[in-house]
Amino acid sequence: MFNKTRIAALLAATLLPGVPASADKPTSAAQVDYTKMTPTELTEYLIFEANGFKLDQPAQEGKTARERMTQDELQKTCSALRGKPADAATAQKVAELARDSHVYPEGGIKLGDWKKGRGLAREGAGFRLGPKVDDNTKKLGGNCYACHQMDPKEITFGTIGPSLSGFGKLRGNTPETQKYVYDVVYNAHAYFPCTNMPRFGANGFLNKDQITDVMAYLLDPESPVNL
Amino acid sequence: MSEVKIRAALKDGKCEVKALLTHPMETGRRKDPAGNLIPAHHIQTVELLHNGNLMVEADWGGAISTNPFFSVSLNNVASGDTIEVRWVDNKGETSSGSVKVK
Amino acid sequence: MKPQQQRRLFIKGTLAGGAVVAAAGLGLIQPRLVLAAWPTDAFHSNSLEEALNKVFGSSTLEASDKVVLKAPGIAENGAVVPISINAEQLENVESISIFSEKNPTPLVARFKLKPGCVPEVSTRIKMGESGDVIAVVQAGGKLYSATTNVKVTVGGCGG
Amino acid sequence: MYKNALCALPIMLAMASPALADPGQTPDEVLQALIDRSDSAYLTQSEQNLMMMQDEPSYWVIEQGEILFKEPRGPKKASLEQCDFGKGPGVLEGAYVEMPRYFADTGKVMDLESRLMHCMKTLQGFTDEDKAIKDKHGNTDLVKIQTFIAAKSNGMAWNPPMDHPLEKAMRGAGEEFFYRRAGVSDFACSTCHGATGKRIRASVLPNSSIPDEWTKAVSWPAFRVGHEAVRGSQHRVSECIWQMRQAEIVYGSEAAIAIIAYWTDKARGQPAILPDLKR
């Protein structure tokens, strides 16, 4: 684990407080002994203390880039796996964290508009910071096609996630399936701990209505995903 | 920035000439961010000369890629010969470059 | 190999620049004709057949394996689709032309080759959508052709 | 000394392996040789780029870079011919495939781009405010010069030194960062580069654990067809992190160098394609 006190001690001994290190000047390496740090400590130091990132840039979710770089509990836990599948204890812990995050629409989950869902599945902009900050007023999307096959007629789809072609036809458009799809888009870690899939709802990438639209794109019998 | 870059290399008895031109090659159908059509601006004619003799005359539309590349091959070229490439676009602008064959 | 850079401006169709004027004086080129010669109608034709007729006075093509056309089957970037055409198996090649059937104006380029040229050209073209690319080689008064399909797709992270 | 000899052994083995390409090859020939002995879908995915590689626009960038490298420039009117990229002043052959590396004169691990900026400052007298250093990406001096230098390592095996403790520390931090999930998408580098043959949209992604495909992934500078420009390693780092929805990484920062130190190590022993051409 990253030890804040230890870094702070190293810093206090070497750097003047409040003076940001420059990327070009031989400050940090010469004054702080990187070889005495664990890889985790050094990584955190390079990100937060050695002018590694533009941390003060405002982010569209109302916070700053610093919060973007700061890991939450789930991110920390999953990063520690180093790409390996989650062990039982990790899986249980992450799934619990995820279940606690689910928030449902008032009045229950209802199928949204599959056409809007299609737009959200195709569009990939939103939330990118520097150097080119996304214009977040338009073209915001979940970019589902980056990782999933959906409409079988669409030829450019990614394969990081499983194919979702014919998903509704296969699983049925039942209340149970609707809740399952809503949950997975909102925070998939409840079912797949430490999945690669972003927490679209829990992280505010898509709002609740948008999630029901994506849900409709997958489940509505009229949607091209199921034709 | 209307550079004409040319490479000419003798290989297997012929001279392969490759040229890279600097030009926006606007088709006239693209829109700027404000939604206005960007007027057509593209190279129309390219000439390639070997020791001053016209060898290739090409007519191009806006569908040749931005910063155009093309290559052609010539027989009967010797080391020290001059290869020149020049172009004229639909606005009457022109540029040229030449190179001595190694 | 350092290309010697020169830059000139056309002024009302007249070339300024000593070297070129001298060359024109020798009767090697006729710069005034260059602008006028650009086949406007052919480049503005919005069907393949019309474009062929405007360029060649005929749209009758003879598909031939002596025209070797290379283009990528899939292009992730329609803005720079590499095309190469080789017609060395044909005698007396006068010109090599490129058409992209689905482009709003199909004629892309025409290379007129003098004797002494090897009948091969390569270039890169823009394709707005998937479609056929057609190479037309004019030789001995006939039009030989080769056709290949290019699928234009999207790569990368999207957005 | 004994310890050094032991450390050198795996490197010698790597160099003796067939992975080392003929340095007389062109970049497209280096790639073709990799394709011939690999079944990587990443290497062969783009017929378009394979065709374009034979006439790389970056060849002209190399020529421009050579002129800039040899020309006396900056307030000190000096060329870069005395710059030490790790193998001695002015030695460029094979220098880039042995970077990032530790430099005693700065006490830091530096990659090609940060070392180049260092020499432009110390030898030529440029400052951060000068256009020559300020303009990082695009049709810039930095890109042209680094493309010229990198091309001197075409076909050679990646072999970043791991002798100095700082080199190991930076590589370790880079590995840590590679798996570090953060931001609104929870992405890490490993999200896209941890499996074989996966696609994002239509693009096949390179797996960092398959060295003979990963070498192409880390072969920068490369002409980016979609950008109509040559891009360097720092640009690639920045763009991936931008797509990952994390914060903007600082060009030439040690965070970026650590990432490059790790990714170069993962391609160890495989021939570099320099300059490469990518989507």
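Every chain is named by a letter (A, B, C and D) in the order it is written, and numbering of its residues begins at 1.
Here, contacts are C-beta pairs under 8 Å (C-beta built on N, C-alpha and C of every residue); 3 or more make two chains touch, one makes a residue touch a chain.
Note that the coordinates shown come from a computational prediction; the quantities given were computed from them, not determined experimentally.
Student: Once you count every C-beta pair in contact for both, which comes out on top, A-D or B-D?
Tutor: When the contacts at A-D and B-D are counted, A-D has more.
Student: With chain centres taken as the means of their Cα atoms, state the distance from chain A to chain D in Å.
Tutor: Centre separation, chain A to chain D: 28 Å.
Student: Would you kindly tell me how far, in whole Å, the mean C-alpha position of chain D lies from that of chain B?
Tutor: 32
Student: In angstrom, rounded to a whole number, how far apart do the mean CA points of chain C and chain D lie?
Tutor: 37
Student: Return the distance between the CA-based centres of chain A and chain B, expressed in whole Å.
Tutor: 47
Student: Please output the residue numbers of chain A that touch at least 2 other chains, ranges allowed.
Tutor: Counting only residues that touch two or more other chains, chain A contributes 128, 145-146, 155-156.
Student: If I count partner chains per residue in chain D, which residues reach a count of at least 2?
Tutor: Chain D, residues with two or more chain partners: 55, 200-202, 228, 243.
Student: Do you know which chain B residues sit against two or more other chains?
Tutor: 5, 7, 66, 69, 71
Student: Which pairs of chains touch one another in this structure?
Tutor: A-C, A-D, B-C, B-D, C-D
Student: Which stretch or stretches of chain D touch chain C in the complex?
Tutor: Residues 46-48, 51-52, 55, 63, 200-203, 225-226, 228, 243, 279.
Student: What does chain B use to touch chain D in their complex?
Tutor: Touching chain D from chain B are residues 5, 7, 18, 20, 66-67, 69, 71.
Student: Can you tell me which positions in chain A touch chain D when the two form their complex?
Tutor: Touching chain D: residues 23-24, 26, 28-30, 34-35, 37, 39-40, 42-43, 46-47, 50-55, 57, 61, 65-66, 68-71, 74-75, 78-79, 81-83, 127-132, 145-147, 155-160, 196, 198-199, 203-205 of chain A.
Student: Can you tell me which positions in chain D touch chain A when the two form their complex?
Tutor: 106-109, 114, 117-118, 121, 128, 165-166, 168-170, 172-173, 175-177, 179-188, 190-192, 194-195, 197-202, 205, 238, 242-243, 245-256, 258
Student: Taking the touch rule as given, give the residues of chain B at its contact with chain C in the complex, in rising order.
Tutor: 2-8, 14, 25, 27, 29, 44-45, 47, 49-50, 52-66, 68-76, 86, 88, 92-100, 102
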